[in-house]
């Protein structure tokens, strides 16, 4: 196979087509005047503006900031989520004596932590990280707990009769068996990390895409604002694609089965 | 498989000298839940497994063979008054040096590990890497799957999966083997060859083996003693010693009049049950 | 968006003679016409002249600022209602200078409604939905107060929040019946055929202080001298804005990044850096009248004493 | 993976080593996913120590006893109950809509690689949208209404259900589907009788992750738009520097989430009571 | 089971008259993925199943029996040039009126349904409720599990689960049955009784049956024809017609010289394979 067809095979033609279709519909609605709002520019105008921002390097600077903080926050949240999830999932007393507290904390809106975080960290990247970690650790935590607690009994029997140590059982059996669930948690956490990075940049740390977005809005440049909105969405797609790719490379256990379903 | 234990053990395995008790079962009863509340599945099971003995367990479908094996393997708790020991220690959890071969082989393999790594599971960190590798190839060769080491379990046929589980158990060189219909999904030829292999392993390592099967020929061919379960709750309805000379041969042994007599005896014992 | 202009390190070595008395000031602002004097003072060197080494940091939302005073920032823009509420809540925050005042001639904000909906004045707002940038802020409080003065129960006005720049679209889309529009949105909306029903502040007073600079009380007490120099620089800046509107609007365009035509035409607010304690008292009265405040408030304690 | 998680079956109930060797897997003991209330102890200890040192903290950290009195005032003034009602309604509608849509979409993209590929970028784009960017557009299209709130909540809460369902579909043992096809079950029947029950554990996991998210987003929309609800009150409290009231409201929201979680867990235990004990 | 079809069908099932073709397999090949890319598992399989015929498929473990059955059942797509039809229509997805009995019986039962409701699965909405109930009790009785109708599959032994799956297939009264080692986990007695039941069902309903087994006696006892798979890719290495009179009897038929001859012939055919 030539590299060109390989590239073609790997790009998600169908997915890209769906998105283009939606964008086309939006453009059309604006062109025929069905949608006519100052703050809702046509995709073509947004693209033009995005090109300028790209050329000036402004977009890249903001993108890199958000990307870096998102990844850092996500990694921290994942480590906390998986670590705590393992403790709570595998050690029942810990679960019994603290899970209700976590369930309650889970419902605290990250945005209402902003005044607190500002008080402690001021407008800074630490405020941003706090919000990201706080919000994106939850799905990882819950999916990890659930994953490790629902390993099939047959596999537990296998581990026991093969005399695997606790550590071995965890590493070779419980974790791989829980991996699909944990992967979903991580995937949810990743998107949340991005969302919260942007939110934090709107309110708590004046840098990155979120800040650029709000400034563009305040500066009455809807095209620019949407250029950033698109960038955020595309960043979401890219992060997820990268995540899936890494999962596919590293975790055989997360691979779907060959088999007709439904 | 290579010879591992010393000669005295293998002579012990020949079943002539008095042997020490490997596993004891006194008044073992088991209750399991059903729609109508807990039901007694096994009631007052009493028997000993001697060191190096090969015991076959037979019985009608649902009579409690798997449950009995799981009690010995520490996977099911018997009622409190039951006394079950393995290698001298009371069974609470799977006993050391004893490996279980599950009836539901498909569920006992890790789908995310290749055949090779499934076999490796019980050895990792316990033996040096070189030894591990050697044992894995050896036991895969024993079950005729050396060519499929790199495949995943779900790429194998049912019988192949069953053999992978077998290879995993053999690679561990256990002192005790609890096998639940290990050859149930195999064709006659593969089965015969694995019976021979198992016999060899048994003779060389002097392992104590409890073996559930529905194949009467197989039970007589392999074992030193046959237990037939029956009743509700199940008890040991029959205990049939098998005193055929070892080593046994697929053709010669099966033509012995004693073999045919035993076969008939076991058959009658099973026919008698469940009526 | 670059967020910090001026750097603490750069200016300190430059003027060796004044070095001993130079005070570093960290000031937060939101990118709007209210922050123009700050930027003019910075750009024209008025701060430096007054031995101030100012760092300007941009924030998106002024209501987040009070908790950072005394920590991350020394000065920030605050509004009258925020200050009064913070004071009654026991926060150590004081007004250190004025900033803008709203007058009949140059109103800070207008309430705009679409034509032909029968809304002629604030009294017609009863039962209507009004879009506001902040429901707890001076603008909405002023609107409610004016409505009450004109005979409508403020409780019947349904206020909803949306960022200022999106309010014109909400009006156009019919999602709200009226919007509280700052400049330049007010002019844009009237140009597009909508109607202004007036200025929500003139019913309280004219002129009326709406936003100003606040600081942590403790800090302000021990830095009265620096505050004085800050006010001086700001007054110089206000004079400059008056004299050199073109240059000033260029500066405005730079830090707000507004489109050039907008920056060139947007009406500028009236700047006044005196502390108008009487205006605070008026705000207290308004809040009480609307039932948003109870108990006595000593407005004298909300301002920096005799600077 | 072939057999991993064959078990909708076995995924049903969590287990701890000590409990697995019970002889009678009696029904009704399956409280596995319902955290006991004693788990609140750490939080209570935390709040108690807060209460003790509160006087030495800034007005930003009022003691929990103040929260209670602030809440009491609020409820006496008759504001709290209608607000709580508005929030609960929005939350429930949003969660139910997210559950239904998430399950349906999750099934669709889980069962068909083609659908998955077609929708993947769009869904992932949508997933990355911060509510702050979504809300102004939602208000523009739907107005400052309850519908707008529910739509925003649904669009944020749907993801954990969708993704968990999708991953669940892929882990099911294909033999189960082959069986259903071989028994000539129609497509709809297959989904209803085989796929859906088999996926219940995944769906419930998704809902348990989604429930607090739905509540958080409900509050957030209310904070951003000031359209009714507890979120609007929280924002007002914070802007009025009535921190005690803000904390009190957040605590109430947390307790409500705990209640919802308990209800979901109980529902799950009830729906899946016939699954094998793990 | 009660007699359902008319007499002419059951006479057809006796295997004497020329019968119409139920299932056709022409140049059927199958590729499945392995670690080293797609591998041809079946190569150019050609045979017909006649209406009402009972064909047993034998072969070494991993030879491709399950795969072949899955092709007939529309669960695996053969290569494009293959032609597979059932009841005259090309197979694309499971054909109408044909039921598959899976080797992995544990995975084919729904754990959240009782035994009764698992059997009901294929009948719901297709037959009136009363008929459904009657059929379920009848088929549970056939497999000896009427007492366990209210239990869940995971409360049953392996052999019992296997029988539940069998009961489910029988309750559907299919025209075609594709059975993959359906009696693999059963004791000799239960197996014999189910063989008799299956024979009766076959005679009464005239169903076409393809039956994978490792038990040579069983294959000869039940079938009209035996196919032995072998090779890599697998082809039909032997085709052995079984012309024993029907109805067959566990004792009498198995003592017929023809039975013994066939048994030996099949055994030899299998021994010959895989060398």
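Per-chain numbering from 1; labels A, B, C, D and E assigned in written order.
In this text, contacts are C-beta pairs under 8 Å (C-beta built on N, C-alpha and C of every residue); 3 or more make two chains touch, one makes a residue touch a chain.
For clarity, every value in this text was computed on a predicted model and none was experimentally measured.
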{"item": "Any chain that touches chain D and chain B", "value": "A, E"}
{"item": "Pair sharing more residue contacts (C-beta pairs) when A-D is set against D-E", "value": "A-D"}
{"item": "Distance between the centres, which are taken as Cα means, of chain B and chain A, whole angstrom", "value": "50"}
{"item": "Chain A and chain C, separation of their C-alpha mean positions in angstrom", "value": "37"}
{"item": "Inter-chain centre distance, chain C versus chain E - centres from mean C-alpha coordinates, in Å", "value": "84"}
{"item": "Residues of chain C touching at least two other chains", "value": "67, 163, 166, 169, 173"}
{"item": "Set of chain E residues in contact with two or more other chains", "value": "33, 75, 104, 106-107, 114, 152"}
{"item": "Where chain A touches two or more other chains at once, by residue number", "value": "37, 39-40, 115, 119, 152, 154, 177, 202, 252-253, 257-258, 260"}
{"item": "In the complex with chain D, residue positions of chain E that touch it", "value": "73-75, 93-94, 96-100, 102, 104, 106-108, 110-114, 121-122, 124-125, 152, 154, 168, 172"}
{"item": "Partner chain D, residues of chain A touching it in the complex", "value": "12, 14-19, 22, 37, 39-40, 89, 92, 95-112, 115-116, 119, 138-139, 142-143, 146, 149-154, 156, 177, 180-181, 183-185, 187-188, 191, 194-196, 198-199, 202, 210, 213, 229, 232-237, 239-241, 252-253, 255-262"}
{"item": "Contact footprint of chain A on chain D as seen in their complex", "value": "1-7, 10-16, 18, 20, 32-33, 35-43, 58, 60, 107, 110-112, 114, 117-122, 124-133, 136-137, 140, 159-160, 163-164, 167, 169-174, 177-178, 181, 187, 190-191, 195, 201, 205, 208-209, 212-213, 215-216, 219-220, 223, 231, 234, 238, 243, 246, 250-251, 253-258, 261, 276-278"}
{"item": "Touching residues (chain side chain A, partner chain C) in the complex", "value": "36-40, 62, 114-115, 118-119, 122-124, 202-204, 206-207, 211-212, 214-222"}
{"item": "Complex contact set, residues of chain D against chain E", "value": "3, 6-10, 173, 175-176, 178-185, 189, 193-194, 197-198, 272, 274-276"}
